[in-house]
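Provided herewith is a single structure, encoded as structure tokens, for subsequent inquiry.
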């Protein structure tokens, strides 16, 4: 297997999810290389060696300065053809999705996305894809090469195995149309908290809070954990919190790494909006609340006592 | 301005979606409807047309029943429709679908092609980038605010890091996010008028592409098997005796989410 | 003694009658407008299609859209719930002379065996099938599926179907019905227009045929407006059903009486259950209970959950999985509660909306189809060159033709059976038996009906016996609402009219009664009040029978039934 992992970077840092994919690639074996594309980014390359790349290809051109997908398709298409790469892996992001799809069309190469795992079975590479709200896992494969895969961000953790990577520059030609789009303004890290769809941590409040004022407890815990605040349909209906924060069948669907449900019963209308969260912690004084059937850690108790203390402990730990 | 909007006919409702264990594909035999994300793209196209004049063409690839979704877009106000429908194209993956759609769109000489941000049935957010590459056009995705002026399209879009503003010359391909607008309800007059708007169906061969480029034959990915999801793991349930906060912290640390 | 009728909501039927207000060029003009894409409405549409095909001059008079059907559900069948074992008679008459075989209609096969049981909590006593309930020659179907097939036939005949469209107001000019006004879309919780607000439209037609089903909104308005109601008030039952995937095929149609309902006269619990096979691998079962029950703790949804714990039922469902759920009311007044007239200038009433249900036989679909067919013929006759459908009496041929058919005959024969059961199970059974044996001649004087909301309430601790929801055999209401496909947006205006300041018993009655958990007893500064979560509503109609009033919500909202 000759694998290439796209190493996305932002503000001088290689992105964690990409490094996680790199570590996984190293685990799967074969020749593993990373690729870094940008302008003035050569220095980022060697660090990838520690996460499993034997080699890191670099293309450093002014046209690659902004995180736009199409110029990168030109780069990767050339690299894949020249180096006989048979597998290209991406940690999913807005950029890498467009890039992987463009590359798929360019090379006529199969692309499987939203993978939650990648394994070798009988000499074949198999991706595991959750479908239908995570209720079924589909095994997907490829019937040609190169094989392209978009892996759910955060699926794999970066593992520092030590090691150095050989850095190799490569060159290629841009297509005219690839340079058509230009970035007038580039995003930088937001100063306010993440929106609930992007948040890694969500603290959600339901009717068990008792009064709208008690949402303060939820907000403080969210802030301490660096997460976003969400609400259930019942409290949004009652006007306690805005509709934009509603999680559920008729609100938003979220899958953060950590979901803390405070005073939420866990009716299915809410469950379908958050059931694929990484870790679900529920705090509710009703021991028969349905949420205790599908959470990871269920705490039967008074949230008005537990949540403030929890917030304090989190703050202490983080400082 | 000529705007094409690509829409997908998807199985209706999360409660009834099922994967057929024999074909390992999504069971599309039941009721279907227009992919809700695509209605935002149709709405955006209509707003541009209302502001600047032009025509809106709805394009879809699917079985005959996809007519229902196409008609919904016509009822909202689109001017005509093109449906690529061919048994040979069933089961097309990204490579095959992009090939067929690009072949259908190429002769239409559009200024702008719009897509919705993802398909509710496959949750892929990838089709437009593949189509744009085939058509050799610039692409902007996840657009939450769109302006079209002076032969250019400017999109403000959200990424993991905040908002970018990207500009591209027409002709271009744009995928709009569901934050961009609130799609209109078709008026009753619109619904009734939809039936008499021009609607064409084309087969794969009429597009000049080989049957081998679509369907299973043209796909480069395969579905092998269906499995149960990995078990969530047992629920740990504790009663608070005053030490719950500490126990929670311990648990979170153990699970590496703190 | 408290009764719900003492606390009716402020509801003025005149709110739902208006003259056309859109400028003429904005109105949508059709030839015949049918409200409701159920079996009555679609049979009517199909029959009109047949008649117009043979009569091009009449078709021409009806303009670009000769026949249109409005449906408030997301699609055809989205709001249809029934058992159902259908008598094919109505379908045969509808397609008479055409290339039609009953096998063409989607169904789960003919009824091969049937059993009736009287249940106690621990046993099932087989009793001989009462003659009114025999099902030879009938077929098991899903009404939701059947309607989609009927819709295909209607569309093939050139009928325009308009789903996601609610008929909000009756358009009346000089005592003539001239069409309906459709409901607005895109209003917020307080009725304020949202950015994508789309006002309803005036749809004008030469004849308007109401086929809205049980608790039809405009049907109720029309009965009031045109003085069409009969002497006896209509009464209803609430049916709650589930569809299950099962491990072993069920080989018979089953009906039960008795447990978990209580036979004592003070409870007034009339009803029973049905369990029908749907092919080799599915079963549908439901509980039907008259809404004249007295105990505020009665919950038909939970009685269904309780029924499933009986060993007879458990055996059938063991190893299976619940895949569908639905709830809807059924008119039970029968013959004595039929409107005294089923037509008015420019207007006809058909199907369950008019009350054509044979309660002892549990049949209404073939009557709906037959009434729809006859309505089409009456409308067609009144639309021929030289005639107008709004002259008083022009549509009277509908009433006349109905009196000649099996619909009238059947309903007349069984006309006292339901009311007899107000006297308790044993007495009711005796009267019903005598009525059957005498082909309806006994009792000599027709028993009256009493409005469901006029029944005074009692309270027992019935709810203590309902099984807890375990997610495998017994299910809670919210997960059931989810399974119905209901995705009504939360910020839609509340379409249910109820008084909030009611005594505790009434609030408790509604809380238990509603299968979708719309109503909850709450406190507001020491006073009992009712919290309404309108977005849960599956539009079953029970609230209208018991002191409130259901009005049509935004078109396209509510359940999305497919297998019910």
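Just so it is clear, A, B and C label the chains in written order, and each chain counts residues from 1 on its own.
Heads up, the rule we're going with is that contacts are C-beta pairs under 8 Å (C-beta built on N, C-alpha and C of every residue); 3 or more make two chains touch, one makes a residue touch a chain.
This one's a predicted model, so the numbers in the text were calculated from it and none came from an experiment.
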item: Closest chain to the centre of mass proxy, which here is the mean CA position; value: B
item: Chain at maximum distance from subunit C, centres defined as averaged CA atoms; value: A
item: Separation of mean Cα positions, subunit C and subunit A [Å, integer]; value: 49
item: Between subunit B and subunit C, centroid-to-centroid distance (C-alpha), Å; value: 38
item: Centre-to-centre distance between subunit B and subunit A (centres being mean Cα positions), rounded to whole Å; value: 21
item: Sites on subunit C at which at least two other chains make contact; value: 482, 487
item: Multi-partner residues of subunit A (at least 2 other chains); value: 249, 272, 293
item: List of subunit B residues in touch with subunit C within their complex; value: 12-13, 15-16, 30-31, 182-189, 191-192, 195
item: Contact footprint of subunit B on subunit C as seen in their complex; value: 26, 28, 65, 68, 75, 160, 162, 165, 182, 185-186, 194-196, 198, 200-201, 203, 482-483, 485, 487, 560, 562
item: Of all residues in subunit A, those that touch subunit C in their complex; value: 233-234, 236-237, 243, 246, 249-251, 267-269, 272, 288, 290, 293
item: Interface residues, subunit C side, partner subunit A - complex; value: 468, 471, 476, 478-479, 481-482, 487-491, 533, 535
item: Touching residues (chain side subunit B, partner subunit A) in the complex; value: 14, 17-19, 24, 93-95, 98-99, 102, 123-134, 136-142, 154, 157-169, 172, 219-230, 232-233, 235-240, 244-249, 251-252, 255-258
